[in-house]
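Please read through the structure below; I'll follow up with questions.
For reference, chains read A, B, C, D and E in written order, and residue numbers begin at 1 within each chain.
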Amino acid sequence: MSDIGLGHFLIVSTMLFFIGIYGFMTRRNMITMLMSVELILNACNINFIAFNKFLFPNQLDGVFFTLFVIAIAAAEAAVAIAIIINLYRNRKSIDAEDADMMRL
Amino acid sequence: MSDSLALLLVPALPLAAFLLIFLVGRVYFPKFSGILGTVIMLATTVISMATAYKYFFVTGKVDGVYQHLIAFKFTWLPFSENVSIDMGAIMDPISMVMICVVTFISLMVHIYSLGYMKGEDRFAIYYSYLGLFTFSMLGLVLSTNIFQIYIFWELVGVSSFLLIGYYFDKPSAVAASKKAFIVTRFADAGFLIGILVLSYYTGTLDFETMIARLTVPGSELTAITTAGFLGVSALTWGLMLVFMGGAGKSAMFPLHIWLPDAMEGPTPVSALIHAATMVVAGVYLVARLFPIFAISCPVGLDVVAYIGVFSSMFAAIIACTQTDIKRVLAYSTMSQIGYMMFALGVAGYGGENGLGFTASFFHLFTHAMFKALLFLGAGAVIHYVHSNDMRDMGGLRKHMPVTHIAFLIACLAIAGVPGFAGFFSKEEILTAAHNSNPIIYWCAIATAALTAFYMFRLYFNIFWNKEYHAHHSDSHHGDDHHHGEAPWSMKAPLIILALLSIATGYIPFGNFVSSDGQALHSEFHLTSAILPVSLAIGAIIVAMLFYRKKNAVPDKIAGTIKGVYTGALHKFYIDELYLFVTKKLIFGIGGTIAAWFDKNVVDGVVNFSATVGENFSDTLKKMQNGKVQSYAMYFFTGVLGFVLLFVFLWDKF
Amino acid sequence: MSASTIIFYILAAITLGGAILAVTSPKIFRSAIYLLFSLIGIAGLYFWLNFEFIAAVQVVVYVGGIVVLIIFSIFLTQGSGSDMKDPVKIRSLFAGLAALCGYCLTYYVIQRTEFHPQLEQGPAEISVARIGEQMLSTTEHGYLLPFEVVSMLLLSAMIGCIVIAIKTRSIK
Amino acid sequence: MSLSILIIIPLLTALAVIFCRNAEQVKWTSLFGSVAQLAVSGVMFFQYNALRKAGEVAQFVFEEKHTWFSFMNINYHIGVDGIAIAMILLTAFVVVAGVLVSWNVSHLTKEFYLLLVLLSTGAYGFFISLDLFTMFFFLELAVIPKFLLIGIWGSGNKEYSAMKLALMLMGGSALVLMGLLIVYFGSAASCGAPTYNLIEIASHRLDFSTQMFAFPFLFAGFGVFTAMFPFHTWAPDGHSSAPTAASMFLAGISMKLGGYGCLRVAVYLLPDAAHEYSWIVVLLSAIAIFYGSFATMMQKDLKYINAYSSVSHCGFVLLGIGMLTKTAITGAVMQMVSHGLMTALFFAAIGMIYERTHTRQVEKLGGLLKVIPFLSTIFVIAGLCSLGLPGLSGFVAEMTVFQGAWQRPETFYRLATILGCLSIVVTAVYILRASGKVIMGPIVDEHHTHLSDARWNEKLASVILLLAILAIGTAPFWLTDLLNPGSELIMNQLTAR
Amino acid sequence: MDMNFFILMKPELLLTGLIFIIMFAKIANLAENNGRFLILVNTLLVLNFVAGFFMNQEGTLFSGMYITSDSMAFEKNILNGGMMLISLMAYDWMMRCKNTPEYYMLLLSAQLGMFFLISSGNFLMFYLAMELATIPLAALSNFDLDRPKSSEAAFKSIMSSAFASAIMLFGLSLMYGTTGTLDFAEMQMLVTGSSLQVLAFIFVFAGIAFKLSLVPFHLWTADVYEGSPVPVTATLAVISKATFIFVFMSTMFTVFANFFMVWDKVVMISIIATITIGNFMAVRQTNLKRVLAFSSIAQMGYLLLGVASTSVQGASSVLYFMLIYVFSSVAIFAVVGLIFYQTGKEDVADLRGFYKNNKLLSWVMAVALFSLAGIPPTAGFFGKYFLLTSGAAKGDYIVLTVAILNMIVSLYYYLRIVKAMFIDKSENDFERISVSPIVTVSIVVCIAGVLLTGMSGEVYEQIKSLFLASN
């Protein structure tokens, strides 16, 4: 693993991050939006892990952070999906474009 | 009675009459108000006469010179340490003459009005206004302070406004009163600026001090003569502006336009205000500042002279063509005041040079008598005929003999026929003019002839000419006195004034009033009187030929000088010119522009900013389209913007 | 190029490829599966870095939990095979541009930055025991408090989900 | 005597009004409160004179100081000099008259009086403040009551006017706020620590750049309140839409807040800047005077006429202040007092006429003197006061301003003064036009032949104001005596460069 | 673990206790009767609020992860008080709510998150607490279960905040990468201002700015406010805002203290944008809640002015204004809630003629609105004045000018509401709104707060002494 350094990981995570952002902004389906958020969170996780591994290996701050982020991602996803389902029940649509009752 | 108390009472009594009648009398004893006012006025007259007598014959003269005494004086409005408006009463020959004239004429008018105004709805109000006017006029003539004179000047203006507008439901009366007030107000603005100029350089508003500082060489005089604007010295500016105020009140050309219209007021009012008292305020003002004019600013005096003589002639010409008898009298008033003005203008300070000054006041005095008489007589006529127009009259001599005689006396007096008061005063003026300025002299002579002509035109038209038939259906008029001549309350003043119109001419006026306080013994030169007298008599004869019997000669003559005639008939279109300049140019365009600017620019900016704000708000509102992804987009763009700005561009700032 | 390098590239490719497909695939179910691949790829990367525990958690929670949740909700809300509506054109254009710009900016900055690694070496491998100990310790670098906070969060999330999702349609 | 009474009485009145049961009680309570306030103001006036006669030399008397926010050096600090007393008296008179005039407000009476009383509280507080923060507090306090008064009880395009007024006044106070902050922090250099204390700031004189920076904000800000050109546009709309009493308050008191602020804060605290900027002030006020009077000429609504003429008249206030001579400053204050009383009377008369005829359009009115002589007389007197008739307060004030203004020998200032003098002619024109049409002339509308003249409350209100006007107009020396020490101190501040 | 632990963490422990009491009450079916349950909860909240004033100490726990200070304790008291007031004012709504215990549990967990957020000394705690403060609130937004708008609001809320916090997390990871620590105190030393750190900072800033609804991160606010149940909106607008502004301030002052040159500018730009756009967006809104949403955005801009001044005075002004803001906003939302749940009206125009039958409520609303607008004698005047003063103390006059001029704009839309209530006439009379005693209590407290907080200088002095002591 000599020639794979921090930089490589950061490329991966950054790309993942922006792919997530792109997805969040373009996917009209609420669930896919949620999936994009998960991608972003994972990008952050990779960052934490990679930094921890390559730069600050004496402590496990990054690792723990990742663990907690995963937990939070789960909670967030759960609540979001509950809300989406509720919305779906009310509206029969999970298209984000349709959720614009409130504007102006 | 001490002088100070007396001179306090002189203006205070009419004021009290005003307040009493206006606040109480109007409601509780409207009928009695007239008597009340007259009694108070009588008291005032007596007091002022007594005071004047005391001044002229007992206390006033020290070493052969009439002194300027200050009866009382207190600070009314302090501006700074030295400059303050004082209220006080001055005693000197001219003020004493003036209080006598004012109170006396006022008394006459009060008495006359008892008959003339009887039965009017607002009888009490009328008397209260008379009281107010008399108060203001007395305050004016007694002023010790140039600002005090301004204050009463304004008050006189407003009481004149009230009296002219007495018949307030008549639109023409309202218009006339407005006109009078506004025109004189315009002149007063000049007066005010003049006061500011003078007071700035002299550091005082007090007449005595101001005159002293501006006649004796000193730092103030140097400062005011060297400082200038547009090449004219500050002194001249100041005096001319003050004179502008005087010209406004005294109806000098070109500020005369209000006077003829002011005849919309009740006729006694015209007699009081527009003949005998208020209109001579300008003369009085110039006389008051005469030492400054004469000693330090002869140029100013020249201006006064030329304006006076021009106005005099100008008015006389117009008077020849008017048919409204009150207007004829109004123009004659203007003409006579022009006489007084130029008499002042040709005078110098002290000794023989001061003849014009004396003459001017002499004429003022006599003119007050016969002009009041003329107006009151005209009032009696109008009262009888119910018309102002001389074409509705004729042959009234049989119907109203007393009035006829009184009127004739007045006409003779004003025409300068020897033996009558006007002759003496006019002769003195002409002498003074002759001594100093031939142009003015010849103009004055011509005016004298014109005066005689138009007065007798008036006289003949009223009392001779065609026969008068009381053809009005008067049955519905409740007036029981209509078919007879005026009641005694009206006749008595006529008789008194007629006598005085003869008698006053014999007063040795130079003994009392002169430019420097020393007695001036003017000699009467028969030779110089020949020309004017013969001209006057000639003019009277012409008038008699024209108007004694109804004939076509006047019209023919008018036809031959058509241009001049129509011009004069339309008062040389001065009114129209004014109307155009003020209504159309200044107020029309100026007001329209101001209103437009206010509505569209000033208000427009405010409303525009509101509109811009709302539009901006609408635009922003569209940002909010309710779609969460576009919110994310804005969010992310915001982040990127910040990144771009702070990571990449910041260092380069 | 060593084997580990190649493996890294493969894992990175799976991760990124899965992610791209997940955000572009028109079919939602496929999208979810691509996400799954991507997440597994990330787990692989953790393995590659010798963080087995994290990798395991990643697999368990994400793959076993979240993705399953997502797939269930997909089933609940719509048919899996149908195509999703196309994204709004103009917005996807802007989003693409923004993401690209963002990436360029960020990467440029990251790439220019010199990181300063701490010199002392840490534990070569991270034992579950150590993680467990540190998780419940209150001393320096102990994570008891965050742990409790997260538990609170999970509790409330659970309550929220229950109230929102389990809903009787009776009242109307 | 404790000055705080001046604030406490209105507050107590307001409180009492809240607990009143019916409209009658409300009216009498407010009347009682306002009369009490007038009495207190009168007592204060005499006490002040007595103090001065006894040789009191302190600039401000009856001082009171309580810490409010100690960290920021904010105190509740009050005290008065002659100028403030004059303004307080003015306020007291106008308030009593306003309360009386509104006697037959039937819609939401309680609220109406409550707001009136609150408005007056703001005015009193403003005039007695010696702490800039307290001053600003009271200044803004008065904004909202105005909005509601116009909005609820107004007429015509009231929503627009109310909003415009509130926003523009808020804009004014925003500028004032900027200025105050600049002064506050600027005072740190001269006074040691930032302070809002008026006396302290004045005695330590701010440095020149601070003054130059703060002056435009403060002057323009207060200028908005006093309807300075070009910030006057709220005034016509606001005045004309407001109910009678509110118009009286607005023009009579509220506009004076601005003038007083200009004088007390802008000029007094920033004397050097005042010198530098005086030409701008004079220019703007000359424009306001002349332009206001010309704009008045084109108005057809009586309230608009008075509103625009107020713009013109308040121009005299600013002209006096801008001239920076003692006489002019005294004149400016006199003009404030005079205009306050006069315009209140005018608005009262207009309001009472409107109440009877239901129109304010000049061409729809005529010959009122015949049917309602009392009101017509009041109207005419107010008009005459407005055009500066001697014997009424307007004359005295304007003349003092002119006299003071003429003391500046520069041609520019002279021209401004001349313009001011000429404007009195224009004033005469529009006043006479209006009263000539409305009061005199034939009756235009036959409905107007049976109008009832003033009731007791209206008569009382008019007479109260009239007495004040006459008191100034016929015996101005007491007012100048009251004002002179104050303006002299401001002058000292201005001349000690 | 000693007594110190209990004392220092008292607010959080009390809250946790409350949550569990409610949970047990629910489990034990004690919550069937809404009325009795609400009285219990409200009593507990009052007690909790009162307890907040006793035995406050400064200190750190968990090796720096948990910090508490006097100002933090005070801030928590404000939040407790705000929660209590909101709970009281929402009484009517609660009575009809079917999930009252859950509501309170979620609400209190969110509050717990806020408390931890305030006290966090470590970015991990910071992140977790922030999520804890967000996710339950998002769920709560959905609590008007039958209203589609409510779900939509919840959806927007959770999605936007997930997105924002994910971005923030990325920033945090980069911060971690550049410093190697998550601890505030340690990180403060290591912040150097490199480009990557600036970038990371901006990402983190965006996350917090999102919570504060700073422009351009504000767009979710109005929608969520509009859709959520009114008490939740109130919580979002008041409690959440109050928390985040405080947190923002403390992080800026501690972690990013060395970053001052950058964040100062960032904040300045945000202030200008937030105040201007927030106000102008409010101008043309028709929905009352949306107007209030935008107004709250603009208010945040003013608060930032205090933060940006980085002075004790600025900090205390922020806290002071926050307190006032709580009073004013709760009063407004109380009225809005009453109107909304009794008549279904939520537009500004619908308020026409409101005054006729609802005199006191109108005055309450008006006074509270004036407080927001900064009109004396309401406390808002003082609050705003002090914020502006602290801004001026820094000498940034351009920002100050923008802020002051915007007060005019804000007055416009506040007055629009007042106008609708007092001035505009409507064809139909507005119903008389009935107000239950408990709600009245809340409103009275709020109005008293609005009127008295400013007039007596004591409150401000007290707050200032908190900061003086800790500095």
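By our rule, a contact is a pair of C-beta atoms (placed from the backbone, for glycine too) under 8 Å apart; a residue touches a chain by one contact, two chains touch by 3 or more.
What you see is a predicted model, and the numbers here were worked out from it, not measured in a lab.
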item	value
Chains touching both chain A and chain C, listed by label	B, E
Centroid comparison with chain D (C-alpha atoms), farthest chain	C
Most distant chain from chain A by Cα centroid	B
Identifier of the chain whose CA centre is least distant from the whole-structure CA centre	D
Winner on C-beta contact pairs when A-B is weighed against B-D	B-D
Gap in Å, rounded to a whole number, between the CA centres of chain D and chain B	36
Centre-to-centre distance between chain E and chain B (centres being mean Cα positions), rounded to whole Å	77
Approximate Å spacing (C-alpha centroids) for the pair chain C, chain E	31
Rounded Å distance between chain A and chain E, as computed from the means of their C-alpha atoms	27
Multi-partner residues of chain B (each touching 2 or more other chains)	621, 624, 626, 628-630, 632-633, 636-637, 639, 643, 647
Chain D, residues touching no fewer than two other chains	none
For chain E, residues contacting two or more additional chains	124, 128, 131, 135, 138-139, 142, 145, 154-156, 159, 163, 167, 174, 177, 180, 195, 199, 222-223, 285, 412
Those chain pairs that satisfy the touch definition	A-B, A-C, A-E, B-C, B-D, B-E, C-E, D-E
Chain B contact footprint on chain E (complex, rising order)	155-156, 159-160, 163-164, 167, 195, 198-199, 202-203, 205-206, 210, 215-217, 219-220, 222-223, 262, 265-266, 269, 277, 280-285, 409, 412
Residues of chain B touching chain D in the complex	75-80, 83, 85, 147, 150-152, 154-155, 158, 161, 165, 168-169, 171, 173-175, 177-178, 181-182, 185-186, 189, 192-193, 196-197, 199-200, 229, 587, 590-595, 597-598, 602-603, 605-606
Touch list for chain B against partner chain C, complex	629-630, 633, 636-637, 639-640, 643-644, 647-648
Contacting residues of chain B [partner chain A, same complex]	621, 624-629, 632-633, 636
Chain A contact footprint on chain C (complex, rising order)	1-2, 4-5, 8, 12, 15-16, 19-20, 22-24, 28, 31-32, 35, 38-39, 42, 45-46, 48-51, 53-54, 57-58, 61-62, 65-66, 69-70, 73-74, 76-78, 84-88, 91-92, 94-96, 98-100, 102-103, 106-107, 110-111, 115-118, 120-123, 126, 130-131, 134-135, 141, 143, 146, 150, 153-154, 157-158, 160-161, 164-165, 167, 169
